[in-house]
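After this come two complexes, each holding subunit A, first together with subunit B and then together with subunit C.
== the complex of A and B ==
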């Protein structure tokens, strides 16, 4: 039972981090209808900046710099690539982001090499003891920070001018433009926000119990894709639910691997994808996604 | 067939036949990889280019083809790492491996038929991870991390391998495994290309393009959209399987790690760079993407910015990856038709200059030739 609770809390904490990534992914999709496969590299950039600057600047300044760096990069991708690509088919735009991803990931993994970079976070490897239950402090920080950021984001999405503009654009881009919403600014803002969210997620992905930022981080970040898809690509609620489902599944399957060994080694890494496939079989638009209806 | 097309085909065919007599083994190997990649890319282009269904799981089907062939053709081995195998005749094994890839694609069809575009892209991402998981666990089939050797193909007593005791020499050139496989590769590529061209130009091709351009219109006009999507997915997986078999034969050793996400992404890069939705585009893109790292490696000392292996800096393999990533972006931004589109544009311009004024009058109405 204790193991179960520990795994559950861990899973929720990881899930909150996945939700951060998935949220950025969904925001980009809503604002520009682009499935952003370069999201993992945005995350890598954020983590890389934090890792490289935290010794000189101190952790908090480095974190801000990482968030800003990833946000600027996201905005740049939107400004230089997505906005210029004049294509009808949105699958092609998705492939462009794959091109961007290949370039960024190759260069960054080359920079990182075989090193494991520490991010200099204040939580270290301390563990919180609640009775018999042991939970790393870093995971609790991840859970709290992710929840706070997600809540702030959702409130902003609902009540600020920026959020209203974004939702209006997602609903009907042309009408929104006629009402005076600047589409360019909205989509650039979406990419910037997604970049910052990804950078924050990078931080929490690379601190205890993971050893640090290394070249496999992008593969881990890939698990946020099923989170976004199984929740529904156009639903912020879906991103949260998807993130939590994926996080908890991964944590439980990984934790009980001993009992599940007949299914094969390394099941924790595939479990998110299996869950996604099962959900998609039943609900092709994801749990909370709007089913596409068309009037002819 | 116009006269210039005929001349081009003859020139290409002559070049393909002559090449193994002049180029050394490493070039032949690169060429064979490019052919295998071209077969796989044709399949992906049917799916992504012509039908608009994004697939990031193509590498999975290559793996199914490669390991399927090895499993069907090998004899079981006992020992510390016991390997399974059926020991079937190799041509049968090759055909079965392609069919197996098709079956794998068919098993995925409940999803492939219902999802579209980028949704399917992420769903197929699952195939890569599931594939890696299965390959690292099914060690009796795949040989685990180090892979397993591939038995050479043998058709009617003719072995596609080096035969030191009975060397085959044609026109003074010893014909080893690569030279023999070269011709097999050409035949396979030609067959794959012609079949795909037939599919694209005929009724199914029209249906696929309509699904890509307007799904509802396609449905209204009587195209069974879901069935077509599933069917194209299966066909494209079979192309992937065939490419996998050829890669296994050339490599002579199959390694699970090779069939990862990077491979799947490079296939998408191929069809974008070459040109979406056509056979020639897939072939051009495949040659571009698979020859690029080798060209850069070979001339790394002559090129600026690229260092020799082992030194600090951008290596040839990384430079090639960055280059084809950039090429994808540049092509989408500036060359909507890919390299094939560029070639066609140049040809049109030259033709127009040669044919001068009168011909221009008719070019106002688009014909199938000018549109593609």
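== the complex of A and C ==
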């Protein structure tokens, strides 16, 4: 039972981090209808900036710089690539983002090399003891920070002019333009927000119990992709639910791997994708996604 | 119908000169010139595919959403040049469109739709005033404030679409077939509303297939056919012309001549499909 609770809390904490990444996917998809495969590289950039600057600036300033850096990079990708690409089909833009991802990831992995970079977070490897239950402080920080940021994001999405403009554009870009909404600004804002969310996720993916930022972190980040898909690519609620489902699944399957050994090792890494496939078989638009309606 | 002063010089309302629009290789409008003087209601009549919506897209700068563009001519409003301007710039010059088919944001609430309408205008106090005005004009929108717009009836959605456009405090309203698909009672209400909005000082360009309704509202009318203006003149004169009666009022030819003797705005239900 104690193991179960520990695994569950860990799973929720990881899930909240996946939800941050998935929200970024969803925001970009809603604003521009582009599936952003460059998301993992935004995350890597954010983490890299934090890792490289925390010694000189201190952790909190480095964190801010990382968030800002990833946000600026996101906005630049939108401004220099997505906006210029004069294509009608959005799947072409999705492939363009794969190109952007390859360029950024290749350069960063070259910079990182074989090193494992510490991010200089204040939580270290401390563990919180609640009776018999032991939970790393870093996981609790991840859970709290991610929840707070997600809540702030959802409130902004619902109540600010930015959120209204964003949702109006997502629903009908032409009509939103008739209201005076500047589409370029909306989509640039979406990319910037997604970048900042990714950078925050990078922090929590690279601190304890993970040894630090290394070149494989983009692969881990890709696990948020099934989270966004299974929640429904155009639903913020879906991103949250999807993130938590994937996080908890991964944690539980990984933790009980011993009992599931007949299925082979490394099941924890595969489980998120299995869950995604099963959900999509039953609900093709994801748990909260909008079904494509075709009227004849 | 409406007698209005022409306004100070330089504030000439909307002027369109020799406008041509094409979607790729397809020419949709040719040599269109029209004027909508300040404070007036002007209507553009025409059947499906005549180019009515294209004209409004050209004015609002939304042709690019349909892969079209202005190939010749100019559009001006007061002293500003609208042709070539971004849609948001057109809105900030005070020219706001209510698109065909209402296009309310179905997944957002009525309140949020109204809020979206004010996005182009930055002034908060002005937005609150505009909101007051809209809710006075359409009290039903206040009752339904928290409902999703997609759940409203067709007529209520049209009211919301007009109300949303008024949130930007337009000097000029472009209406694209506001009575399309509405029951006659509701269409008459929308017509009254348009009259009311105009009497409060907003210039109106009304694009319609429902010629009887449009001609009763407008002071001046243009008839658009396959991308060109084929007729124009004071609305009252056009309403009397045989050409318009036959084509757009569903009177004459094979139709029942008895309709002619009916009351003036007899609502020949078939007019909208007849062109």
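The criterion applied here is as follows: the second predicted complex is superposed on the first by the 295 of 296 C-alpha atoms of A that agree within 3 Å, B and C clash if a C-alpha of one lies under 4 Å from a C-alpha of the other, contacts with A are read in each partner's own complex, and residues count from 1 in each chain.
In this text, a contact is a pair of C-beta atoms (placed from the backbone, for glycine too) under 8 Å apart; a residue touches a chain by one contact, two chains touch by 3 or more.
It should be emphasised that the depicted structure is a prediction, and the values quoted were computed from it without experimental measurement.
Participant: Based on the superposed arrangement around subunit A, label subunit B with subunit C as either clash or fit.
Facilitator: Aligned on subunit A, subunit C fits beside subunit B.
Participant: Please work out whether A:149 is in contact with subunit B alone, subunit C alone, both, or neither, and reply first, second, both or neither.
Facilitator: Neither partner.
Participant: Once chain A of both complexes is superposed, is A:178 in touch with subunit B (first), subunit C (second), both, or neither?
Facilitator: The second partner, subunit C, only.
Participant: Looking at the overlay, does A:274 come into contact with subunit B only (first), subunit C only (second), both, or neither?
Facilitator: Once the two structures are laid over each other on A, A:274 reaches subunit B alone.
Participant: Between the C-alpha centres of subunit B and subunit C, what angle is opened at the C-alpha centre of subunit A, expressed to the nearest 10°?
Facilitator: Vertex subunit A, arms to subunit B and subunit C: 90 degrees.
Participant: Touching A:102, do we find subunit B (first), subunit C (second), both, or neither?
Facilitator: first
Participant: Scan A:138 for contacts with subunit B and subunit C and give back first, second, both or neither.
Facilitator: neither
Participant: Of subunit B and subunit C, which one touches more residues of subunit A?
Facilitator: B
Participant: For A:165, select first, second, both or neither according to whether it touches subunit B, subunit C, the two together, or no partner.
Facilitator: The second partner, subunit C, only.
Participant: State whether A:246 touches subunit B only (first), subunit C only (second), both chains, or neither.
Facilitator: Neither: A:246 stays clear of subunit B and subunit C.
Participant: Looking at the overlay, what does A:73 touch: subunit B (first), subunit C (second), both, or neither?
Facilitator: Neither subunit B nor subunit C is touched by A:73.
Participant: Is A:265 touching anything from subunit B or subunit C once the two structures are fitted on A? First, second, both or neither.
Facilitator: A:265: touches subunit B, not subunit C.
Participant: Enter the shortest inter-chain Cα distance between subunit B and subunit C once the structures share a common frame, rounded to whole Å.
Facilitator: Checking C-alpha atoms only, subunit B sits 10 Å from subunit C at its nearest point.
Participant: From the superposed pair, tell me which subunit A residues show up as contacts to subunit B and also as contacts to subunit C.
Facilitator: On subunit A, no residue contacts both subunit B in one structure and subunit C in the other.
Participant: In the complex formed with subunit B, which residues of subunit A make contact?
Facilitator: Against subunit B, the touching part of subunit A is residues 35, 37, 81, 84-87, 89-96, 98-103, 106-107, 110, 219, 222, 225-226, 228-229, 233, 264-267, 269-270, 273-274, 276-277, 280-281, 284, 294, 296.
Participant: Quick one: in the complex, what on subunit B touches subunit A?
Facilitator: 48, 52-54, 110-111, 114-115, 117-119, 121-123, 125-126, 129-130, 133-134, 136-137, 212, 216, 220, 261, 265, 268-269, 272, 276, 314-315, 318, 321-322, 324-329, 332-333, 336
Participant: For subunit A, which residues are in contact with subunit C within the complex?
Facilitator: 88, 161, 164-165, 167-168, 171-182
Participant: Can you tell me which positions in subunit C touch subunit A when the two form their complex?
Facilitator: 60, 62, 65, 67, 86-88, 91-92, 96-97, 99, 103, 105-108, 112, 115-117, 119-121, 164-165, 168
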